[in-house]
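Take this structure, written in structure tokens, and hold onto it; I'll ask about it next.
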Amino acid sequence: MVRSAATEDLANEAGSSRLALLLAAGAGAAAATPLFRRLLRIGDAAAASKAQDARILQLVLQLEYTQVAFYEQALHQASLEGELRDFAQTALGHERQHLAAIKRALGAKAGKRPRFEFGQATKNSEAFRATAIKLEDIAVSGYNGQATNLTAGTLAAAAEIVSVEARHAAWVRAIAGEVAAPDPVDKPLTATQVAAGLRAIGLRT
Amino acid sequence: MAALAVTVTISLLWAGLGGSHRPGASSVTGSDAALPAAPTPALTIGRPEPLRSSGFLSRWTSLRTTALARVRPAASAGVVAELRPTTPEGTANVLAVLRARPDAAGALWVKVRLPILPNGRVGWVRRQAVGAYQTANTHFVVDRRGLRATLYRDGKAVFNAPVGVGTASWPTPAGEFLVRSELTRYASPFYGPVAFGTSARSAVLTDWPAGGFVGIHGTSEPQLLPGRVSHGCIRMRNPDILRLAELMPVGTPLTIQ
Amino acid sequence: MSGHDSFDEFLAAADRDGAIVETSAQLEAALSRRRLLVAAAAGASAVLLTQAGPGRAAGGLSRSDTSILNYALVLEYLQASFYTEAERSGALSGKTARAVRVVGAVERAHVEAFLKLLGPDAVKRPLFDFQGTTEQQQPFLKTAVALEDLAVAAYKGQAPKLRSRAVLAAAVGIHSVEARHAAWMRELFGIKPAVHAFDQPASRASINQVVASTHFIARQPRTKARSKPKYTG
């Protein structure tokens, strides 16, 4: 059921190296950009820049830290079984790869891993399931909320991640027999809303 | 120009620094106040709606290739008719689709109304012998006794006209059929400006060229209508057939009562 | 995403997690005959293939964004028609039937939204021949998985090319919903809803090739003619 380790690594490499390359190439580029080119980016490209990409990646870093910690703790404590356990293990593997990619992209500047207090959400399977839905939905809407702020290259890389989060969200809904995709469109969340959502789930800064 | 550039640059800087800054949020979002909100999406997605009832919908399709219609959905079943992909008029041979079923091997077969004698025959053809399914929400009903024809759309009458039908010797057959072609710009006043081909056939004019199919068409003798006057065709006055042509697409099921 | 020479490969690509999937005999038969028959029509295929030049279309959208939106619209037409025909076929049951009612309604809402934005610039709905995949549950699910994964990869491939931030905002909101659909159809089909940590984009050219390989886009049958009627009269 799982792809071979070699192909998993390739996908991992593709995602993380793309992000890293984009940010490395961008270091200092904003300062060197002539004013007229920055002015051309007003309107359609707004304030997109490598520096802003990095700020956004710090935000999604927190998202991925939260997801990794959540799934790790739940697998240890929530007595997950059957397809729910399979889901948590698969999602954890993906989130670890997302986390690794974003950390590599940010390099030494990557924010530190915060503390988490998930309470009951990682202690029993029903609470876990309900929280997983919330967390994955926050991830999707958080990424979507920043998509229009990213440079094209970082957008392409982020797009490879957000659809996987969306798959997770649908999967965990479907496991409990819920409608897996009830909405016709996913709304964006602002960075502030993402932060508030993560704190409500258990992120402690 | 330079002054404008400077003004804009300052605006950008203010945009970067402005906005409220929530205490305690900085380690999560850094200078998140600097991140622009997403713009209003260019697409407004409305509320998803369920399909409306299919009570007034019928399906039709076209033959892609010569095919054998069989009595049952099985390769070993008896052949009812061989169907050609084109009509005598050179149009696609379109058929009313009744249902689909897989055979024992899992191959899909489609039950269709056959444009053969005796009228009303059905048969099964392989799914890959036919093309895209299309749906019609119209229905043309010919009342031979009342000498009137009505077009319904979604169950509502949208057209009504007096008609001529076949005489006692050359009757218009009763049954369920399909409007399968539309002919125009031919020079033949006898048929009026527009003629629709149907899958109905005269049971008596079996030697008629091109199979003796019943058509729905205009006329050079409107004074005969309504009446039992034709060789089986459904005739209507020319203004009526022109109006019908605006409303009735090919693929419309035809009921002759 | 590599190109697909045949419908076989298109469906097999949905099977990326290596799970053993039965290909129905009906599909096998359809594929071998289909290869001999006439290929897809012009019109919608041309829209898929043609990239736009620079400039502005009516309504303020750039010509290039209009071209991308029309390309996405064809994929939305494809999905909406697929689910609608499947729901009407009556061939689906249980959780799959319920899912199709929800997803079909969403895809139809997507189509309406594109039509509203594009107005007279919208490409017309093509005719689709789904060749039996809307008429049996297992072939339906296998095709649904492939089509949803295709839509996700297509949106992902185009998002960075969009000029307008407002169009991009709309595209990302739809892209993630298509990914939820993809996971849902996979779950119903019995394969892993999310296999890779990173979903790959697909270029317009490769999507075109895949869609062409399905032969789902069909030519309108010729139902009008100028020939003299030979009816009984």
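Here are a few things to note about the model shown:
Note that the chains are named A, B and C in the order they appear, and that numbering of residues resets to 1 at the start of each chain.
Here is the rule we go by: a residue touches a chain if its C-beta (ideal position, glycine included) is under 8 Å from a C-beta of that chain, and two chains touch if they have at least 3 such contacts.
As the structure is a computational prediction, the values presented were derived from the model and not from experiment.
In this assembly, B is the chain whose CA centroid lies farthest from the centroid of chain A.
Overall, the chain located most centrally, as judged by its C-alpha mean against the mean of all protein C-alpha atoms, is C. Chain A and chain B have centres, each the mean of its CA atoms, that are 47 Å apart. Remark: chain B and chain C have CA centroids separated by 21 Å (rounded to whole angstrom). Once the centre of each chain is set as its mean CA position, chain A and chain C turn out to be 28 Å apart. Contacts with at least two other chains are made by residues 102, 105-106, 109-110, 164-165, 169-170, 173-174 of chain C. The set of chain A residues touching two or more other chains comprises 46, 144, 147-148, 184-185, 188.
Contacts with at least two other chains are made by residues 38-39, 41, 45-48 of chain B. Within the complex, the chain B residues that touch chain C are 38-51, 54, 57, 62, 64-65, 88-92, 94, 100, 102, 105-108, 126-128, 131-135, 166, 170, 180-188, 190-191, 195, 197, 202, 205, 208-210, 212-215, 217, 230-233, 250-251.
Those residues of chain B whose C-beta lies close enough to touch chain A in the complex are 5, 8-9, 12, 15-16, 22, 24-25, 27-32, 34-39, 41, 45-48. Chain contact summary for the complex, chain C toward chain A: residues 16-19, 95, 98-99, 102-103, 105-106, 109-110, 152, 156, 159-161, 163-165, 168-170, 172-184, 187-188, 191-201. Within the complex formed with chain B, the residues of chain C that make contact are 24-26, 29-30, 33-34, 37-38, 61, 84-85, 87-89, 91, 101-102, 104-106, 108-110, 112-114, 116-117, 127-132, 135-136, 164-167, 169-170, 173-174, 218, 221-233.
Looking at the complex, you find that chain A touches chain B at residues 35-36, 38-39, 42, 46-47, 52, 55-56, 58-59, 62, 111, 114, 144-149, 184-185, 188, 190-192, 194-195, 198-199, 203, 205.
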